[in-house]
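Structure first, commentary second.
Each chain carries a letter (A, B, C, D and E) given by its place in the written order, and its residues are counted from 1.
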Amino acid sequence: MSEDSKFHHGEVKDSVPPIVQMKNIEKHFGNIIALAGVSFDIRPGECHCLLGDNGAGKSTFIKTMSGVHQPTHGEILFEGKPMSFATPRDSMEAGIATVFQDLAMIPLMSVARNFFMGREPTKGRGLTKRFDVEQANEITMTEMRKMGINLRGPDQAVGTLSGGERQTVAIARAVYFGAKVLILDEPTSALGVRQTSNVLATIDKVRSQGVGVVFISHNVRHALAVGDRFTVLNRGKTLGTAKRGEISPEELQDLMAGGQELAQLEGSLEGTV
Amino acid sequence: MSDSAPNFEADERIKAEPLISRLMKRPELGAIAGVLLVTIFFLITADSAMFTASGIINFMTPAAQLGILAIGAALLMIGGEFDLSIGSMVAFSGLFFGVCVMVWGLPLIVAIPLTFVFSACVGAINGFIVIRSGLPSFIVTLAFLFILRGLSLVGLKWASGGSTQLRGVRDATENDWLAPFFSGDAFPGFFAWLAEAGLIETFQNGTPKVPGMPVEILWFIAIALVATYVLLRTPIGNWIFAAGGDANAATNSGVPVRKVKVTLFMVTACCAALVAIITVIDAGSTDARRGFQKEFEAIIAAVIGGCLLTGGYGSAIGAFFGSIIFGMVVIGLTYTGFDQDWFQVFLGGMLLIAVLFNNAIRKRVTGER
Amino acid sequence: QDISVVVHGQANDAFWSVVKAGVDQAAADTGANVSYNSPETFDMVLMSQLIDAAVNEEPDGLIISFPDPDALGPSVERAISAGIPVITINAGGAQAAELGAAMHVGQDEYDAGVAAGEELAAMGGTNAICVNQEVGNISLDQRCAGFEEGFGGTVTVLPTTNDPAEIESKVAAALASDESIDTVMALGASTAGEPSVAAVKASGRDVNVATFDLSAGFLQSVVDGDAAFALDQQQYLQGYLAVSVMALQAKFGLMPGGDVASGPNLITADKAGQVIELSAQGIR
Amino acid sequence: MSDSAPNFEADERIKAEPLISRLMKRPELGAIAGVLLVTIFFLITADSAMFTASGIINFMTPAAQLGILAIGAALLMIGGEFDLSIGSMVAFSGLFFGVCVMVWGLPLIVAIPLTFVFSACVGAINGFIVIRSGLPSFIVTLAFLFILRGLSLVGLKWASGGSTQLRGVRDATENDWLAPFFSGDAFPGFFAWLAEAGLIETFQNGTPKVPGMPVEILWFIAIALVATYVLLRTPIGNWIFAAGGDANAATNSGVPVRKVKVTLFMVTACCAALVAIITVIDAGSTDARRGFQKEFEAIIAAVIGGCLLTGGYGSAIGAFFGSIIFGMVVIGLTYTGFDQDWFQVFLGGMLLIAVLFNNAIRKRVTGER
Amino acid sequence: MSEDSKFHHGEVKDSVPPIVQMKNIEKHFGNIIALAGVSFDIRPGECHCLLGDNGAGKSTFIKTMSGVHQPTHGEILFEGKPMSFATPRDSMEAGIATVFQDLAMIPLMSVARNFFMGREPTKGRGLTKRFDVEQANEITMTEMRKMGINLRGPDQAVGTLSGGERQTVAIARAVYFGAKVLILDEPTSALGVRQTSNVLATIDKVRSQGVGVVFISHNVRHALAVGDRFTVLNRGKTLGTAKRGEISPEELQDLMAGGQELAQLEGSLEGTV
């Protein structure tokens, strides 16, 4: 894994106050303990990778950050002030945009309507204030094209899109609306090579604009390509946070696998899956 | 092996599509095929009086009364919920309105807004219980089906001094300037002129068979247009589709799902109140069985018109045509020579055929499997 | 001649199917062309629209039941002003006459209730329940009200759905929770009357059961001594006479000078036996 | 930083869970809280006669008739479909059964299987139309609600020579050896012994107030057990849940969704036929209004018992308790001193409270948000 | 990308008759052309990778193979005989098991019930023949553990599993039931590093048992690690099939991106995304 990436990497300035700070978060579902005390923060202009085995609690954790779940214990500070987001809408209004792992799309609705769901552009005023469908269509097509997807049209139902097309809608939407923090839960999992590189490039771009990015991935190479800091979860607990350069790809991969042995693949996959 | 640069305007991955199949894909227009089928059926079997001006108005009146409810029900169904209490709500807000006018002697300008506010509150209660408890709206509004029906009975007995009928509303409102907006026929002059000109039929004694356009038909059309506009051209419309399509995904995308749903319950209740006001002034009375099973018929009309019971899909225009189909079938039998004993067989058969036909036409035209 | 009949009761209601049988028989006998319609539930708004539909066809005569003068009044006025003669049956004779209806065939519901109440009071009843299987139908309310008047004692209205199994249980429950109930007045024979008899039998108590209208099963109970009487309004006559008269009116302009009281007609054990067979055939 | 080897038996990611919360998580048992609540309510407010042996049997009989339908409806709802025609189906198969016995003079051993086969065929028609057209079962079975109701009327008039009632079934079946399985009371000897022993109340003359256990209650219990077994312990049960949970995913996983659904429609129709047979023999007659609105009540009972209208979740035991709640509430008010005009208010209110209570208890016990 | 993998690689014997042969398949949805004539075959003991950009038609194609869709045009031969699978159940009975991209799981049902959905193990006979719940639970837990997932219990609802846990259920199920052909539509997209290497190892294992594997992936490295042949789709058409060794990773990646340029990532991702 080469360190001399073409990417600019955000300087993790310890002095800059974090936008969101999560302290000792626990989350229980009935008798199931999904998070057993996780701390995490995200600063402006950095890409903080959240890594870990399947079922480690990454998605649960970021859902707590974006107001989907309320933590069972623990504290959330937003720009230094204690904050509890009752709904995802609250967190959005505070400037957090999220791509959820399940994408949060409505299959029966068109791409453009999904794109602007909850934040529809309007034209006219007073009683004639209405959903500006033309603008919505146009922006959707443009943003999708930027990510490398040429849709047949903005009115195709999301349910009939391919897996990668659908994921791209969710990412393009979050990027378009992400103001202060952008949370991406395995955004590249269904993407083609071209779309993946677009997304990584996009992460780099928004980071350089001062947005804090939380990036969840199982791909060590993707994480290392854009990450400034790496926090690894395992079985609902954090295994610690490392800065870029402080940790080798192999160490990282080892942590992500929860310390357990991998099947014999190292040879063919050159060290990292 | 590399590909030509994609060109959005002429994508090779799309076949040309005739206008008609583009239209038939819209849930709004699916129900038109059914309307045509039913019309043709009655043109063949029914007395020609059915499709004269008076005949059309005759079946459009119940269609309009049902349709106002059906459009409310359709909005709510698209938003992912049911309201089984709208039938009882017609009786209950009818009672409330009757009490305003007859017991408290309020003028319409006060009584009507009060009735709407009152009904909207009841709708909001429905909505709040559904939202707060997370129970299916089916069971919650079903409870209100019984509760409101029962309260109507108790209230009527109280208001009328022991009867289940409250009478005299027509006389009490006759001279109110607001009454013409909620009862009777609009444009009587125009229709009288039409009759004189021989453009519409008259009775032997020369009075026009149709004195005017019943106001409920105008309300029906207006509400269908407004609802369609809201659904397709406003942010709230988008929220309604999203809330019904997947409440979870919608919430996670920032749609205020709870507010949308509660508002829809209030709108549905107001539709019921409107029907109540119109029919109470028109009939001059209200009784404990008003609106009986209308919730059911409203849902039928919405479903005929293409709404999915699972939410997230449908249209107000579909409910509009669905109500017309239902109204035509219910009234149409009167104009045919069929034996009344067969009425239900006929009603069920026509509904089934109309819906199957809609569906078959849509599939054929759009090339769906 | 074309004659339209629009009534408030459903074709699958045992009572109204007898009216319809009378209508059909009269149509056959007079050769008139008769159409018969009714709304699917007790729905006055829809019924007024059905009357309008009938009037649009400009029949030679209109026969209706008239349970809600306010709601149905304008439609009747429209018929009369269009020159269509109107006969009412079953309900609402007096009010329709004010609007210009020519004649009424039926029983006055309130008076019938009074008659039944007096009869049951005479049998020694002091505490009664009035089983109403169609709450909100004004005719049935009038019967209970009349019954209360004639009976004189305590009368509790027991509202039910029209499911016989449920009615049986509810009557049983009412009897079990009040030992002093000695009279059950049912407002329909097969839906309410027969299950009431069954409930009374199961209770082993000595309770008088009577019903409005007839059903073969209930009449059998009257014969067997399990029920007191049934109050017949001979609704076959309502259908038959109205159509016959209307046909004559259309042909010759004939119209009787007064109303016909088709009931109430008390059917007790002595008469019940003869009526059973006719009732089973849908004529009584 | 490495993790201890995972140990399934004692996973640190699971909190200890008390037995009660494990039980309350089961949809089967959720409705028990409602039954308890309603029972306590009536113990306080109702006449003590309600909870004597005869009182219990008195409300259990309609509950059982409803419950047999509700269990069928619950299975179908879990499988993702509705059948609105079951009420009409009760009338229609009642007619068919009546005709078998009265017109064709068949013995019960022929008439009963024939009735089941016939009803299953009608159910299969419902199912086939739903499956083939892809239309919502709501609208298809709604059409059959009307059609079957109408055909029952026409058929009855034909069979009885003009009346809407077909009589004499009791006399015709009285001596049939099969009749005791479908009508009357079971275990009369046992009940007589109980009465002698003074364990149940007797009339003054010493005969027990309850002559036996009405057979429908036994059928009700048996069907609830069988349905529960099928749902939880057979492959078909798994298919039903899968078909209702997500028909697409189930098909793609190899579940024969179409067969499952058609079978469920047939089962539901057979439940209606069973209720028809029991009530027709018991009452000795059938008429055109039998089963009126039972489809509705059956769905209510299933939903009270925890079935989701969207399919894929629910239980037969839940529907069992749901029917008992419904039966108790409907009959119970008569035992109380409340004004009977309030019946519907009371019914709706009790249903709502029972369901809210179920829900609240379940959430509290299982720690769900 | 090293060629000396630790994997055994199936010899693509041109002589062995294919199990499934798809000839010139077209699939239209209304006016949308998803497949415009694709040919493909799968032989016993090989892993045939199906690659291509998002929306290229890969999922649509394998759905046609497994009986979910009926082709608009074209022919399917199964073991040499023309065959048309009317339902997925038919294809399963013929020995084809599929992991769909959307996984085909029922969220409200337990893991074990999902695992055996449609193919429940029974015990007893005649009237007492019943769903063997204990066996189902046990097999589920074992098979999941083999894939690297330690479930809390077999009765957790699939809807509450993490994304990777859910995907693993679908894979374990298909592997358990896959008799002749195993189709995997992006099976590793949501998996952790440990689970991914398990899946790749599993592909290798079943291939060596003579099962034909169809493997869809956007990860060039995963494809090269296990693939014997590579077919690339682009915009509903096939760009051709290459054998292992005949094509370089860079060429393959270029084909997968539909020949379009990637965002500037090559440096940091060492040639392949």
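The rule is simple: contacts are C-beta pairs under 8 Å (C-beta built on N, C-alpha and C of every residue); 3 or more make two chains touch, one makes a residue touch a chain.
Worth saying up front: this structure is predicted, and the values here are computed from it rather than measured.
Trainee: When you check each chain against chain A and chain B, which touch both of them?
Mentor: Chains touching both chain A and chain B: D, E.
Trainee: Average the CA atoms of each chain to get its centre, and name the chain whose centre is farthest from that of chain B.
Mentor: E
Trainee: Per the centroid of Cα atoms for each chain, what is the distance between chain C and chain E, given in Å?
Mentor: For chain C versus chain E, the centre distance works out to 72 Å.
Trainee: Calculate how many whole Å lie between the centre of chain C and the centre of chain D, each centre taken as the average of the chain's C-alpha atoms.
Mentor: Distance between chain centres: 34 Å.
Trainee: Between chain A and chain E, tell me the centre distance in angstrom, where each centre is the average of that chain's C-alpha atoms.
Mentor: 27
Trainee: Multi-chain contacts only, two chains or more: what residues does chain E have there?
Mentor: In chain E, residues 29, 32, 102, 152, 258, 260 touch at least two other chains, as defined above.
Trainee: Which chain D residues touch at least two other chains?
Mentor: 6, 13-14, 149, 153, 157, 341, 343-344
Trainee: Mind pulling the residue numbers of chain C that touch at least two other chains?
Mentor: Residues 11-12, 135 of chain C touch two or more partner chains.
Trainee: When you check every pair of chains, which ones turn out to touch?
Mentor: Pairs flagged as touching, ordered by label: A-B, A-D, A-E, B-C, B-D, B-E, C-D, D-E.
Trainee: Would you mind writing out the residues of chain D in touch with chain B in their complex?
Mentor: 129, 133-136, 138-140, 142-151, 153-154, 157, 299-300, 303-304, 308-310, 341-349, 351-352, 355-356, 359-360
Trainee: Contact residues on chain A for chain B in the complex?
Mentor: The touching residues are 66, 68, 87-89, 92, 98, 100, 102-109, 113-114, 116-120, 122, 129-131, 133, 141, 145, 150-153.
Trainee: Please output the residues of chain B touching chain A within their complex, sorted ascending.
Mentor: 6, 8, 11, 13-14, 229, 232-235, 237-239, 241-242, 245-246, 248-256, 312-313
Trainee: Tell me, which parts of chain A touch chain E in their complex?
Mentor: Residue list for chain A touching chain E: 1-2, 4-7, 29, 32, 52-60, 101-102, 148-149, 152, 156, 160-165, 168, 186, 189-198, 200-201, 218-222, 224-225, 253, 256-258, 260, 262-270, 272-273.
Trainee: Using the touch definition up top, name the residues of chain A that touch chain D in the complex.
Mentor: 28-34, 36, 70, 234-236, 239-240, 255, 258-260
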